[in-house]
Amino acid sequence: MAVLRTLLYLLIYPGILFLFVYSTFCEWFDRKVYARLQNRMGPTHTGRFGLLQPIADFFKLLAKEDVVPDAADKGLFNVLPAVSLAVVSTAALLLPVWNFDLARAGWTSFSGDIIVMLYLLSLPTLILFLAAWSSTNLFSTIGGARVLTMLFGYEVPFFLAVLSPAILANSWRLAEISAFYQAKPLLLLVNLLGFVVALIAVQAKLERTPFDIPDAETEIVGGTFTEYSGKKLALFRLTFDVELVVASGLLAAVFLGGFPGGALIGFVHFAAKTLFVIFLLSLIRALTARIRIDQVVSFAWKVLAPLAVIQLLATILLKGFLS
Amino acid sequence: MSFQIPIGPQHPALKEPISLRMTVDGEVITDADIRLGYNHRGLEKLAEEKTWVQNIYLTERICGICSHSHATCFVQGVERLMELTPPRRGLYIRYLVSELERVHSHLLWLGVAGHEAGFDSFFMYTWRDREIVMDLLEMISGNRVHYAMNTIGGVRRDIDAGQKATILEGIATLKKRSEYYFGIGANEPSFVARIAGVGLLSKEQAIALCAVGPVARASGVARDVRKEDPYAVYDELDFEVCTADSCDVLARVVVRVKELLQSYRLIEQMVKGLPDGDIVVKAPRKAKPGEALSRYEAPRGENTHYIKSNGSDKPERLKVRAPTLANYPATVVMLRKGFIADIPLIFAAIDPCICCAERAVTLISARSGEESIVRMSDLRRRALDRSKYASVKGNAVWPF
Amino acid sequence: MSDIEIVESLKRDLGAKALELTNPDRRRIFLKVAAPELVPTVTLLRDKYDCAYLATISGVDKSEMFEVLYHFASPAASITVRTEVPRSEPRIASISAVIPGAVFYEREIQEMFGVAVEGIPDGRRLNLPDDWPDGQYPLRKDWKHVRPEEVIPGGKS
Amino acid sequence: MRIAAFLPELLRHLFKKPATVDYPFKKLEVPKDFRGTPYLRPELCIVCRACERDCPAEAIEIAAVNEAEKRFRMVIHNDRCIHCAQCVDSCPTTPKAMQIDSLFEIAADDRHKLKKDWVYVRAVMKPKPAAPAAPASAEPKV
């Protein structure tokens, strides 16, 4: 029975199948909002309101010819898309929407799971760099270098911003952090600055405008994905979709008060809050132009990092004041 | 680490094939080289085999965006050779279309600049509003791209009172929108960060390298054929030559937006002052022997056509100089010391319109970095080999 | 300066070197010089007549001779300098030292008419492909393009 | 410089009708003077060959089928046509024997399908001389 339960958990809900459906829905939402902000239609014809368009795109890519360049490091090149999808799916299992039971810490909810989550969210970036490097294309190589350069910019502010609510809640477990803020919703306002910093950092992590520098198509063709095609590209795209869900879920859990109310109402909270975060991310995407790599790094260190530090200081001071 | 990256002949930032060879050191460009010829159609040779009338449409097809410019430039020259004076109403309509074309071209460019900088919302909105002027052009001429308004001795289609009102209405909307977009372009921090101080071309360099059009004007060179050599109706109209002094891509944006506003003024003057009368005079089939040099300010800069006639119904020689060719030497200078990320913006800032041809493809081997020139036949053979190795899927069948 | 003043001034400056000086149209001046006088004339035009802007260089095949025309423009007038080189020995001096922007047009003249430009800093082909045979100059009148029979791919033949 | 300068405009359009048209399902109207595909009204053609001579793309071909019967064959190669409508301007008859329609979805999967031909007897010119080849705008008849 336990085995069956675990299998169900991994494969159906909230495992692969659910993640696939929900992340493609989120992609549809993102695309539709982005299109509407630009006075366009967005996906329209596949399914009702074009809801099935991301799934159709996914299967279309699966059916396409899969080209592996002669000069590529074949082992890495082939295996990395699957690894990156596995990593972000694992991160998804740690979200406190399916494991909200505070009393029972299990293998998907334990003290320190927020650190594991941050670690798992950093991994796809490194995988992208490896993927770019192993395809040995000039444009990919430049893209890979840009991925790493950017990582050094946004990662520190992101960590600082996400950890300060945890410090205030005095816990390293996502479910407990959520529960803390559900009990004292007013304290959420303290973390507003951190939320903004984390939002911008997530935008950079997901490589969306203004931080789509590693795959800026007008500059370096496909950037990191130049040589990827067919199934592997489909997996990478799915990775980004799942990462979008996980990152917005993480922000919602930490900054927006989590998902109270058990499995069902909690899920409604989850959907509403992630879509809200995705809407904000789409808005940022529509509002800005792509900036240059040197500007990203200087922006991250001159603006984002100090803001995150201020947030951290404020949190620590408040914590001392409260106790 | 210094290496070469090929931008083009096929590249997402380029709408037409051209090869830019960049030597980069990390993210910084140390040297640039331009290779042309991917779009060469032998047009000047072909023009010698076509009659004057046929050549109007041939020159119109030199470029898609500034189709009216080349045809007008050619027709101006031929009218000089044939000693024709087109009726004033015809001239007004001809240059009305050319100003509308300038509006459409500059709005198009503004959108492209936004897209090259990754500012897709800006691109979508400017192009949405560009539809207004496209609709006006469609209403006047019947088609969106090749207006085919010119004929030797005048224009082919007249405009009526209702159309005049529609044009004025559309221009009023566009004026408001252009001012708004100028505000956005000059205020959005991420966009300004990308275009300010990028692609510098000093005034001295612009003069020495014979830059034309908005590129020259953005470097402070007030070179505009409409003022220098006012052809046809331009000496009767009131407008200013727009220049900027900051010499970068931002200056080119500023110049183009200012020119948009000047064009709206010109269009209003032309529509309101449209004289009565015929729109065309009958043209002979043959031109007297002689030569004419026709200059015209296209949206991208000066068009120069040198036309030589030998007395027959075909030109002896037609030399076409499109503005983009004049701006290439300046582009190489602008690209140096820039970032890789600036390549599309700097290159787009000259509003390139590429027309030239080559039947060889340059491949860079990923392993050795060696370059090899592959002839078209070899390439075709390779493609055939490739299809042999690929699994046989049979003929593609349309699933529905 | 009006057209007539420019023509008079050019006559004074060039004297007998100006083989032909016409003003067929408003703001159009055509000046003919011998090939060896080209670079000094261009320098004079640039320095005294504000003709730093070279619009283009065109060539015309006149069977015995090649005519090479340099279309300059100043704010006052468009001055075209024409010169002729014999078909048997087509060579001309480069003006790129005086007008740096002339290189592209000189490359074009070189490949299209086979007029060798001496002293050009970058003598590669401009438009023609790399595998274009040597000695074929498409804009010469004796170079004929035979249009191949139209073959429509696919469908019934 | 303003942060998020574009924000009001974007949010204003969030719930507005999109500016784009759902093309293959909905179509915009074609303008009055649209230059579509040329076609011949054979009963009017006097075989002056003005259109053949002026066509920039050499898309019009007129050949005699039977000289004695004054029977001719005109082929319009629509795969070469550049839709400039010069043939309509050049046509000296009134009403014009060359006409353009306003169809624009004219793609075909075979270039042969685009070629149109007419075999007809030459029309006799009316006693009144034809109007001069003034390039007045020709009304397309659909």
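In order of appearance the chains are A, B, C and D, and numbering begins at 1 in each one.
Methods note: a contact is a pair of C-beta atoms (placed from the backbone, for glycine too) under 8 Å apart; a residue touches a chain by one contact, two chains touch by 3 or more.
This is a predicted model, so every value here is computed, not measured.
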Maximum centroid distance from chain D, chain identifier (CA atoms): A
Of B-D and A-D, pair with higher C-beta contact tally: B-D
For chain A paired with chain C, centre-to-centre distance based on mean C-alpha positions, whole Å: 61
Inter-centroid spacing, chain D versus chain C (mean Cα positions, whole Å): 40
Between chain D and chain A, distance of the C-alpha-averaged centres to the nearest whole Å: 54
Geometric centre distance via CA averages, chain D-chain B, whole Å: 26
Junction residues of chain A, two or more chains touched: 37-40, 286-287
Multi-partner residues of chain C (each touching 2 or more other chains): none
Residues of chain B engaged with two or more neighbouring chains: 121-122, 125, 128, 188
In the complex, chain A residues that touch chain D: 33, 35-41, 44, 283, 286-287
Residues on chain A engaged by chain B in the complex (per definition of touch): 37-40, 65, 69-71, 136-139, 142, 145, 209-210, 212-213, 216-221, 286-295
Chain B-touching residues of chain C, taken from the complex the two chains share: 24-25, 27-28, 30, 52-56, 58-61, 69, 71, 73, 75, 78, 80, 99-105, 125-131, 138-139, 145
Parts of chain B lying in touch with chain C, wherever the complex brings them together: 36-37, 40, 42, 44-45, 80, 207-212, 223, 228-229, 290-293, 295, 302, 304, 306, 308, 316-317, 319, 321, 325-326, 328-330, 356-360, 373, 375
Chain D residues within the chain A interface of the complex: 4, 6-7, 10-11, 13-16, 18-20, 22
